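Inspection log for the structure reproduced underneath, given as structure tokens.
Should a chain be cited, it is by its letter among A, B, C and D, assigned in written order, with residues numbered from 1 in that chain.
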Amino acid sequence: MRVELTVNGAIHGVDVEPRTTLLDALRDNLGLTGAHAGCEHGVCGACTVLCDGAAVRSCLMFAVQADGIAITTIEGVTPGPGELSILQDAFCETHGMQCGYCTPAMILAAHALLTNNPAPSRGDIVDAISGNICRCTGYAQIVDAIALAAERIRGVNRPPEAGA
Amino acid sequence: MKAAPFEYSRPADIDEACALLGGDEGARIIAGGQTLVPMMAMRLSRPTRLIDVSRISALSYIREEDGHLAIGAATRQCVVENDPIVATRMPLLAAVMPWIGHAATRARGTVGGSLANADPAAELALVAVTLDATLTYREAGRNGDIPASEFFIGPTITALPMAACLMEVRFPIWRDGHIGVGFHEVSARRSDFAFVSAAAQVTVDEDGICRRIAIGVGAVTDVPIRLERVEQELSGNRPDAARLRPAIEGALADVDVTADLHASAPYRRRVAATLALRAITDALASAKQRGPDAC
Amino acid sequence: MKLDIGGEETFPMAAEPLWTALNDPAVLKKCIPGCQDMIAVGDDRYKLILALRVASVGGTFEGEIVLSDKIAPARCRVSVTGSGTLGHGEGSATFSLASDANGAAIMRYAGEGEIGGLVAGVGQRVLKGVAKHLVGQFFKAFRREVTGVV
Amino acid sequence: MSEAPRTFRFVSSDRRVREDRRFVVGKGRFAADIAVPGLRHVALVTCPYPAARIVGIDKTAALAMPGVHYVLDGRELAAATLPLAAGLDTPHVPRRPLAVDIARYAGEWVVAVVADTRALAEDAAERVKISYERLPFVLDAEDALKSDAPLVHAGHGSNVLLDRTFVWGEVERDFAESPRHLSLRVKWGRSSTVPIETFAVAASWDPWREMLDVWASIQMPKYPDQTATALKLPASSVRVHYDVDVGGSYGVKRGIKHTVLVGYLTKRLGFPVRLIEDRLENMRGGDAHGPERLFDVDVAFDDTGVIRSMRMRALDNVGAYAGRSPFQLGKPVGAIVGPYRIRSVQYRAIAVTSNKTVQEAVRAFGQSPTNYAIERIIEEVANSLGLDRLEARRRNLIRKEEFPYLIPSGSTYDSGDYHTVIDKVLAHADYGALVAERDRLRAGGMLAGIGLATCLEPSGGNSSFEPLLNPKNTTTTWMDSCRISVDATGAITATMHTASAGQGHETLVGTVVGETLELDPERIRVVRPDSLSALPSNSPVGSRMAVMLGGAAFHAARKLREKLVAIASHDLGVPLERAHYREGGVFDRDAPERRLGWMDLVTVAHRNFHKLPPDMEPGLSVSHVMQVPTGGALPTADGRVQMYPCFSFEFHLILMAIDPELGKPEIRRYVVGHDCGTVINPKIVHGMTMGGIAHGIGAALYEEFAYDDEGQLLAQSFMDYLLPSSHEVPPVEIVHHVTPSPHTVFGQKGSGESGYLGAPAAIASAINDALKPLGISVNTLPIKVSLLGDMIAAAREKIGEPQGVE
């Protein structure tokens, strides 16, 4: 089936079988390998992408269901070659990863959280990433990264102080 | 882990969906896909055709009408979770929403999908049974209703006719007195399928008499159940904790309790009583805290 | 996974016709959930082809069904083995028929089954409930078949 | 070897981890990301029974499908390849990628299907008709020992793969002389590391070059050698690309059988072939399972709680074949007494086969179950005397002044200060307040307990556990290597020679080389060449890389420094001892203005042969192959051996609360004291500790490869195998302490395992403390909610405590 996927702001026409998951289409048809297959049954969250801004599991969506939805992958939140977003930089700052396999999904889950909740509590952060299993880190440095990014984003968005 | 091949259709409206469903014995409705797609990935489920109703806007709504809260079957769980009408009119529903899967599954998962897949531990199914919801389906150009108490037949099994498409679930809104709700569940991890869940809704009058109560438990047996004997015991009475536990245990005594890898039958039976008691206690407490106009 | 199967059904009729129905492959074919075909391969031995479907779950299953230990019209044993896309299963149950004081036939059945493969590995949580449902479906259909009443 | 300075420029500073940049943008290069043109895909048909004879395989329907290229069975593969390497001397327990004639566990691979896409391969796999004759099977380790047990491998003659008893010291005498004895049986359930990336391998055979290129997600010593041997190729025809990121491993990314399978297929079929395990294949038949171990522990002690002797019987259910796992009974020998002064030990290690999935190496290589057993028994010693559990530990712990400390099994512990670590943790946590909090919880109707656990993490070792458990195997060394090249432009490239699974090895090498050369580590490129251009290395197993790769990098950098100094000394005409290296340049100590800078030196080495000292090789390329600091020796006849040079220490202190009605345990506070010597990168060590603890929480409370009585693995998916999520891992407070190792250049020790070593013991300790008022204890892991709830309910009923208290 022909389907037009809007990924990271660009429209791509791809031919896929109806059974091709969005995850496989992103990876195999579009070469966007930042989304990873972990369990392929919707538990681990390694395949998380944003659909119209919400974090969803791309292994639980067929590509044919995704036309007209604005899909954002990790490649789409990276500002440019060699540049990191505040969130990505915060993950580097706290070393919020080890093997890096769950990391893009974790960052996208965090991205969705911070879009809706610029000042999340620790509990909010824990809850927002609870659908993303990380086997390496024990989550602490991931939570730290998201808290740090939230703080930095709030700082960036704060109006300059008087006289500054 | 790739699904077996299938055809894909995205009908424009529900009648077209029903026609497709009626025309293909192996067809299945897909909305959010959060239950169906994992089963397809493992090839436990192998529909010949998926009929995607997730974009039929007529199936996605939350509205208050005729003393009910009506929710379209394709309404996403995250929408219900954040809906102000749900929060005020259907606090029990609002209470369970964060317990359903994860944010990422609620972003896609629908109300109808959860109900139609009839997991014994599904929170939405429990609330539907507890509050006497009515499910409306469409089949061959006409609508039919099934009360929640008859809708759930077994694990994953419902009374929905084969060629029917679930359209709506209607929860009655209680208006008689101060409403209170309580919900508890226990699972291995926070977001796992519950071993046991319990949901209670009560109304209490000015004198502290329990006017009305609904108490249901989930995951204990093949389908969510109401503890009617407890309801009879409590309604019209002043709540008495000492009488409540035996009544709950009595109501659970004859239930054919399930056991699985993660929780034994004695565990489920015992903890069902505990959680039912806690849910009722919380419901009574929150009813007393609410003002008379709370609902 | 081991499954215990057991129960009792009462039919408003004599035991004889029940016995006949229980031993009639045409009746069994209609009553075994998802049964597509029962092909005789020997005395009281049939090749069984199922297209099982319970709600969203479905798969094909090929196996054998054997009727044995027959004591007409009181007792027989039904054994099923086979495998398919969902996994494999086997089980056997003894059916015994008796009449109660009112002349109604009582069918008692007891046995055990085993299910393995995919459904056991990923569906253990609901497997027993689904199996119970299938047994129920069989008797529902069987009752309809022998009494004409749903 | 303590020639490096003890104050560091880069070592121990809180620097970023260089690998992270590629991961945060999704540019990790994992095995599944590698696009080899013309790749075809494999799906597996597995045996559904725990034991069955393969009677017939009908491939017709599968082969008839368009896009399906091949259906491979075990007989064909076995005819063309050799069995996979086995560690033990068990020639009649052959292991092959695909079952030959008999399948021995539910999930064992029987047939491999190759098709254009993975989905199509799965379609075809369903159409391969295999008929089986079911065979008797055995699942339980104790059952497998019985004389009438079905034999998993008839040719082997028994189910026992290994049964060795070691006696170190005067065990009989110590038991006879001790006034008190105590016995305990504890069980460690079958769990594993379960990384989020399953195993993946792509292979491509070039018949004109006779070269098998392999890209795989490996953490496997001797992977190229073992692959080549099984495929009957010279290892020089197997090029393993180490520059592949591995999505987590902690031991299980072995992949030899996968690689032999795809290696054969690509050779046979003439196009590249890839196998990515799906989660089901991974859980039931990948190299996924870890120890399943039953311990019977007896201790002899005195009235003050000082343990004199221990007898330990460890019975491990290793599954259907002898993988690497029986050796997991060997590593604990290196720390068989944990951090305690137990003067004699009898250790009986038994590995039995069963009709379960093969066990493979898992984080800490068998030490975590053993540590759990040791920690349980010490608590029982305390309980039996009415002694405080902390005090019982204090009395038995090795004291700071006793290091280096020789334990009965022949290992000398390098350094440690256990009492101080414990004191620091108690002070940090305010132990008195923690006890008060526990008691407050108890008074409020909760079950509450304080968990205590110590653990030792042996690190950086050789493989003497191989000859220890298999006298025919004489492997005693495990090298790691580093090469540093400075090119003609002055750029520095360092190499490491294994794949890496998130441990930050590139950062490690960069930091160590930068430290040694006194240059910004960011200037040092770190690469992972393929196996044909690699120096000997043994992959990041056994917490070895800080010690071994760090050591190799240091020594290589030191050699480079020496070469630069020699060049300058010659060129400046000053004696060697006056030529002083600083920050990339060399100067005359007596006349510092006489100096050659970095580029001057590079230019001499690369272009000015006439300026080089006589006999010096031109260019700037140095390498070092690192031996384990304490060397390698065969074990003594009675099995004494030094495997590991360095021993890290941790002390875990936790507070848990259990709702008595629900049996649901909750960690309320978690403090860990950690001493892994000098920390090279604090971020990495912090993460390793946290991740190890999370992993240990999983093993203690949630994770189990549970089987039913019919031999079916019930936890094949992530719906039933429960990895801790962010909800289940509490905040952990880490208290650091540094006792440098005398054996390593910076004083570093390993740090990848101790969280996992201590957490299960600590959780068991807390839960048992919580259960103490009920007079019950739990000695099996994982401690699942339902089990705990049922135990508590039974105990409360027995003592007449009312149920249903709110």
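As a working rule, a residue touches a chain if its C-beta (ideal position, glycine included) is under 8 Å from a C-beta of that chain, and two chains touch if they have at least 3 such contacts.
Owing to the predicted nature of the structure, the values given are computational and were not obtained by experimental measurement.
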The larger set of C-beta contacts, choosing between B-C and A-B, lies at A-B
Please tell me the distance, in whole Å, between the geometric centres of chain B and chain C computed from their C-alpha atoms.
32
Based only on mean CA positions, could you tell me how far chain A sits from chain C in angstrom?
50
Could you work out how far the Cα centre of chain B sits from that of chain D, in whole Å?
44
Listed in rising order, chain C residues that touch 2 or more other chains are 85, 118, 122, 124-125
Please list all residues of chain D that touch 2 or more other chains.
119, 126, 278-280, 714-715, 717, 719-720, 725, 727
Which parts of chain B, given as residue numbers and ranges, touch two or more other chains?
1-5, 38, 42-43, 190-191, 193, 261-262
Every chain pair meeting the touch definition is listed as A-B, A-D, B-C, B-D, C-D
If we count contacts the way the header does, which residues on chain A are in touch with chain D in the complex?
17, 19-20, 27, 31-41, 43-44, 46, 73-75, 78, 84, 88-89, 91-95, 97-104, 107, 122, 126-127, 129-143
Please name which positions on chain D make contact with chain B in the complex.
117-119, 122-123, 126, 278-280, 661-664, 701-702, 706, 714-715, 717, 719-720, 722, 724-725, 727-728, 784-787, 789-790, 793, 803-804, 806
In the complex with chain B, residue positions of chain C that touch it:
54-59, 85-86, 118-119, 122-126, 128-130, 132-133
Residues on chain B engaged by chain D in the complex (per definition of touch):
1-5, 38, 42-43, 186-193, 195, 241, 245, 261-264, 266-267, 270-271, 273-275, 277-278, 281
Chain C contacts chain D in the complex at 1-2, 83, 85, 87-88, 114, 116-118, 120-122, 124-125
